[in-house]
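Two complexes, one shared chain (chain A), two partners (chain B, chain C).
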Partner chain A sequence: MRERAWSAYLYLGPALVFMGVFIAYPMLRSLYFSFTAYNYVYDAAPRWVGLGTYAAVLRDPVFQIALANQIKFGIPFFAIAFALSLLVAIALTQVIRGRTTLQLAIALPMIIPPSLGAVVFLWLLDPGFGIVNIAWQALVRTRPPEWFLSPSLALYVMVPIFVWEELAFPMVIFLVGLQSISQSLYDAAKVDGATFWGEVRYVTVPALRPTMTVVAVYLITQSLKMFDLPYVLTQGGPGNATFTLYYYTWTRAFRFFEMGTAAAAAYLTAILIVGFSLATAGALRERGE
Partner chain B sequence: MNTERTARRMPRRTFVKAAAGAGLAVAGGIGFPRAGEAQARTLRMGAESWVYKKFNLQQWGTAFGKAHGVGLKFETTPDNDISPELLTWSRGRTEWDVIVVGLPLFVAPLVGRNLLVDMTGFVKGVGEDKFIPTFLKDVRFAQGSGWYYPMVPFLGEVIGVQVNMKMYRAAGLVDRAGNPRPIPAWDLGEMVDYFRKLAAVSPKGYGLGLDWDNEFGLHNYLAPLVGARGSIYSKSDPKMLDFESPDAVKILTFYRSLQKANLLFGDIAPTASGVALSNFKAGLIPAHATTVSRAVESAQNLGAENVSWIYWPGAERHGSITYTHNAYIPKVSPNQALAEQFIREQVLSLPAQVWTFNNYGKLPSQKEAYSHVKWFQREAEATLRVVSNSTLEPKYKGIAQLGELFTSETQKVILQGTDPVQALANIRNGITTRQIDLTLLGYNG
Partner chain C sequence: MKRQPLHYALLSGVAAAFLFPLAWLLLTSFKVDTEIYHYPITILPQRWTLVNYVYVFTQLAGFGRFLVNSLAVTGTSVVLILVFGALGGYPLARKEFPGKRALLAFLVLVIAVPWVIYLIPTFVMEEAVGLRNSWLGLILPYVALNLPWALLIMQSAFVAIPQEVIDAARVDGAGEFQTWLRILVPLTTPGLATTFLIVFVFVWKEFLYAVTLMTESEWQTLPVGIIQIKAQLQSLAFNILSPTIIVTLLPILVVFLLLRNFLTAGVLGAGGFGKE
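After this line comes the complex of A and B, so read on.
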């Protein structure tokens, strides 16, 4: 018996060591940094300032802009990505021939590195020879909008690009959820005279609620973690119009070398992710009950 | 149940052996050589991706390897990001023996941490008089009451405007000798008209492409400023960049006027693709405010007869903004002598210096190279005159913070029509409220 326990620990050991070194230690270390003022280039050692770093980050106008941008970006992204992935998944369940090909086509952006995807859109929307602008000029016969140069437009141009990048995973989750709904429920609904939309409303949606929770939490997390697009497309500009929380954190850590500020910003973002996720999960559970 | 578990269990000895083996393999694999460890006859080079293309680094490295029987390892380093070097070097380890790139502005933190080999003896050995003096001055860093060279400049850049001669000719903006007419000196109406004439003959209706990201925003603000008033510094504080003079207001007003008139094109919000450059190279825009080296690069697409470059008004007298690309060696490298030999024999060699100008317009740091360039001799000579009068940007500790503040405020002026006076006041206030450290790292004498 003792020998079995020993073996179990031995098997668990590598995973525990891995998680300890690469997850727990960096988390604790960065938590410590978040309470310090520490420029890792110029300061000999971190200086403990307690909650001062958090206060400074919350007072920083750039952080406030990043937070506001995150909300302005997150709401349309969440709504579109959630609805579209569900609709595509439902549509796919109705397709009999070529379903695998369609699934693959939709899943393709998942295997393209996000930064590469961003570069593709950069070229598509190039003001000089981007195909979108050429088509615009041919069809609308006016100068196309300056997609990434307009402070009021740039952030929203990123929404469909990010939806394109992120659609596959929630769609797959929804598809699995849909396929796990018993056919007998639909048959019963049909007997009761339910239309297609009636089936969706009274069978699909209630049965999918746990899946919806997973997808909602996933999309909120992805939205708050959005970094690649502002990094590749706009570097947070024009003005600070596309600064996001992750981009803010990155600039503080690797442009300014302010590890304390970056750690505090990262923890604030993590708190937001956990908070939004719990709220969403709670809302969906309550309705379910 | 017990039987099942027993059956799945790996014999303990086998498991321990496997775990120990894996541990050793991982430990061996991730180990970098420490300072002083022998790394016999292998030179590990790090360079940003563009250096492989525009300086042909692989060719010079391979030639060095063949000549001396040295093994070579080429790696790409992140653009303008010294954090990997900083973190590993400060722990006594390195993946590279020599880094062949680096703006002093970005490398300054490594200098601040005393992580670079002092190259003063090396530079004196090569001969200080062989370098373009302004380029050498760019890499002087304070040391005690004097200065030293922690890096070696191998290429230089100067800010100007590359021009499409076909469109200049069509717009009637050439002189009798066929050279591009200069930009009118600081009459805003005339300046806007100048670019309006160009826009009228440009396929997309734009007059000027402009790079205005965190790096180029400052370049393209300071270059016209130094031309206009002969200095980039504030009158009231000689260490502080000028964010208050009437000329400073005029420059931002000028860019805003171009944007308002729909004449401005480009990387005002920075993008990875170099939108303005690629459109200039495609013959879609008539002028592009950037480093003049781009013109030679564009000539590969548009033909040498269709490309030239000019400077902002006043540059012949006051110069422009210039900066350098540099090679440097980490103190923790076990191959310092080999790295120095590579810089001396290949990086500063005549073929390398001439090749990069002929193909990509990068300005050689060695004077001798200018008498061997195959084209653009007239422009190269004019450029040397401008470079000799040019100003180097200050190497502030907080330059990245200043860059972010400056770019966001000035982008608002250009794109949203914010009042330039207000934007400059915001920059001055932001420097104070954000406690941006303007301590100078470079030698300022």
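After this line comes the complex of A and C, so read on.
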């Protein structure tokens, strides 16, 4: 086989060309941009400023707000999505009739492009004729909140919407993880007189740790990449209340054409994603030992 | 067994809450505008009508074009990804070659890195060569961005083929490429189906690249074009928006129903590699 090793590159050729031109090269060029001052409209070429670009981004109040928003958004999003997908997956393993239908119903929002999912919620929360507001008035009998117009509320309104768009994957991952736990562990727990929650606590959770790592990394990554919802729902507003890191990066690049600033922000986001992923994987593994 | 009611209550509650936005969207699309914007609101349409659908297909400027753009870009991208993925997955699974480990590490890296890192220089590059606002301007990056998934899925599909199958074909005198094409590729059908499912859904739903690179409405795909329509309408005219969104969902629904046996594998593969 060794003498035909070169033919591997023939089969891989088209893929390598595409990924080289549209991934590897841009990856390096972005890294270069991130060390430069480069306004795409005004500057003829990028001007090297070294780490100054990163320092400027870190000092930018809007970047700091975006970072704070990621924490304010990420914690409730993570808690709700993680707990809900785990609960739903556990419940799905316990029922027989209607299981596929229930699973499909809960996974269905994954078919909708996130930008259009946002439009659906604009309709549900429409101030005049949105069903949520009309139900609110009928049930609570007060004026409903102004949802996306409220600086203190807008970011948190996006939490359930994002959970709705993102729950399918963690749910399926947990289901597969749960189904791979050996029945003998549960039988042993039953012999020891474990209750349902005892089984969850002492059998399911420990055996599910690798799966939890995958879900945790996925949820953290997805929330750090959130872009479509602020773009469609609020354009980052009111004020800067719903700026995310991605939305910050995108506006620097494609509203202000500050490619150097944007590239630095993008690399900072990448560092956060990789850092959080490794930290999560490490934390869950340690407790597993 | 005695806990069954609790489980059903939880699952039905979540399922109902998750279905509601899409169900409400569907119901809205069958109501005339005077009913949509009328107190007291109605749950079911008083008079079921297709007038909104007729309107968006015959009167609404741009919608037909967005649909054509989405179909052309997704169709072409998916075909290219499947072909290049099936080609590249083969040596990744069955050959040793210098740089293989580095390539596999690169594929995982590509998946972890946020796409906006690639998008910034891609914008500059496409602007320079005039690829922005063209089908090719989206197809080329979409192929590249989705190939890591395709390659990894197809790698595992080719790994699963027993060596005896390949040996038998070679003994019969078939060349390597002929063996790949006539014997091996047909055996990777489940892998191809999984790849198709994931890649189709991602390209069809993609927003970040499309909204950035396709700034002229003539070239926009549905997820961007419908946002454009929404921005141009005076108020949130949901009699117009709801059918456009329903039409956008239909192809994914059809693909899901056709390939439902690969759904779990598809969701796993898709999410595992972090989508945008």
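Throughout what follows, the second predicted complex is superposed on the first by the 286 of 289 C-alpha atoms of A that agree within 3 Å, B and C clash if a C-alpha of one lies under 4 Å from a C-alpha of the other, contacts with A are read in each partner's own complex, and residues count from 1 in each chain.
Methods note: a contact is a pair of C-beta atoms (placed from the backbone, for glycine too) under 8 Å apart; a residue touches a chain by one contact, two chains touch by 3 or more.
Fair warning: this is a prediction, and the values are worked out from it, not measured in the lab.
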{"item": "Overlay on chain A: chain C relative to chain B, clash or fit", "value": "clash"}
{"item": "First, second, both or neither for A:W250, with chain B first and chain C second", "value": "second"}
{"item": "Contacts of A:S180 with chain B and chain C, given as first, second, both or neither", "value": "neither"}
{"item": "Partner chain in contact with A:I112 - chain B first, chain C second, else both or neither", "value": "second"}
{"item": "Which superposed partner A:S7 touches (first chain B, second chain C, both, neither)", "value": "both"}
{"item": "First (chain B), second (chain C), both or neither touched by A:Q235", "value": "first"}
{"item": "First, second, both or neither for A:W123, with chain B first and chain C second", "value": "both"}
{"item": "Chain B versus chain C as contact partner of A:T195, first or second or both or neither", "value": "neither"}
{"item": "Comparison of chain B and chain C by chain A residues contacted", "value": "C"}
{"item": "Partner chain in contact with A:S277 - chain B first, chain C second, else both or neither", "value": "second"}
{"item": "Partner chain(s) touched by A:V88 [first = chain B, second = chain C, both, neither]", "value": "second"}
{"item": "Single chain B stretch clashing with chain C - from 19-27, 55-63 or 73-81", "value": "73-81"}
{"item": "Contact residues common to both interfaces of chain A (with chain B and with chain C)", "value": "4, 7, 11, 13-14, 40, 119, 122-123, 126, 128-129, 232, 254"}
{"item": "Complex contacts: residues of chain C adjacent to chain A", "value": "3-4, 6-8, 10-12, 14-15, 18-19, 21-22, 24-25, 28, 36-37, 41, 83-85, 87-88, 90-92, 95-98, 100, 103, 106, 110, 112-114, 116-125, 140-141, 143-145, 147-148, 151, 176, 180, 201, 204-208, 211-212, 222-224, 226-227, 230, 236, 238, 241-242, 245, 248-249, 252-253, 256, 264, 267-268, 270-272, 274, 276"}
{"item": "Complex interface listing, chain A residues touching chain B", "value": "3-4, 7, 10-11, 13-14, 40-42, 60, 62, 118-119, 122-123, 126-129, 143, 148-151, 154, 232-242, 251, 254-257"}
{"item": "Chain B residues within the chain A interface of the complex", "value": "5, 9, 12, 15-16, 19, 22, 81, 83, 86-87, 109, 112-113, 204-205, 213-214, 262, 265, 268-273, 275, 278-279, 282, 284-285, 397-398, 400-401, 404, 407-409, 411-412, 415-416, 434"}
{"item": "Sites on chain A touched by chain C in the complex", "value": "1-2, 4-9, 11-16, 18-19, 21-27, 29-30, 33, 40, 84, 87-88, 91-92, 94-95, 98, 102, 105-117, 119-124, 126, 128-129, 131, 134, 164, 167-170, 172-173, 175-176, 196, 214, 218, 221-222, 224-225, 227-228, 231-232, 246, 249-250, 253-254, 259, 262-263, 266-267, 269-270, 273-274, 277"}
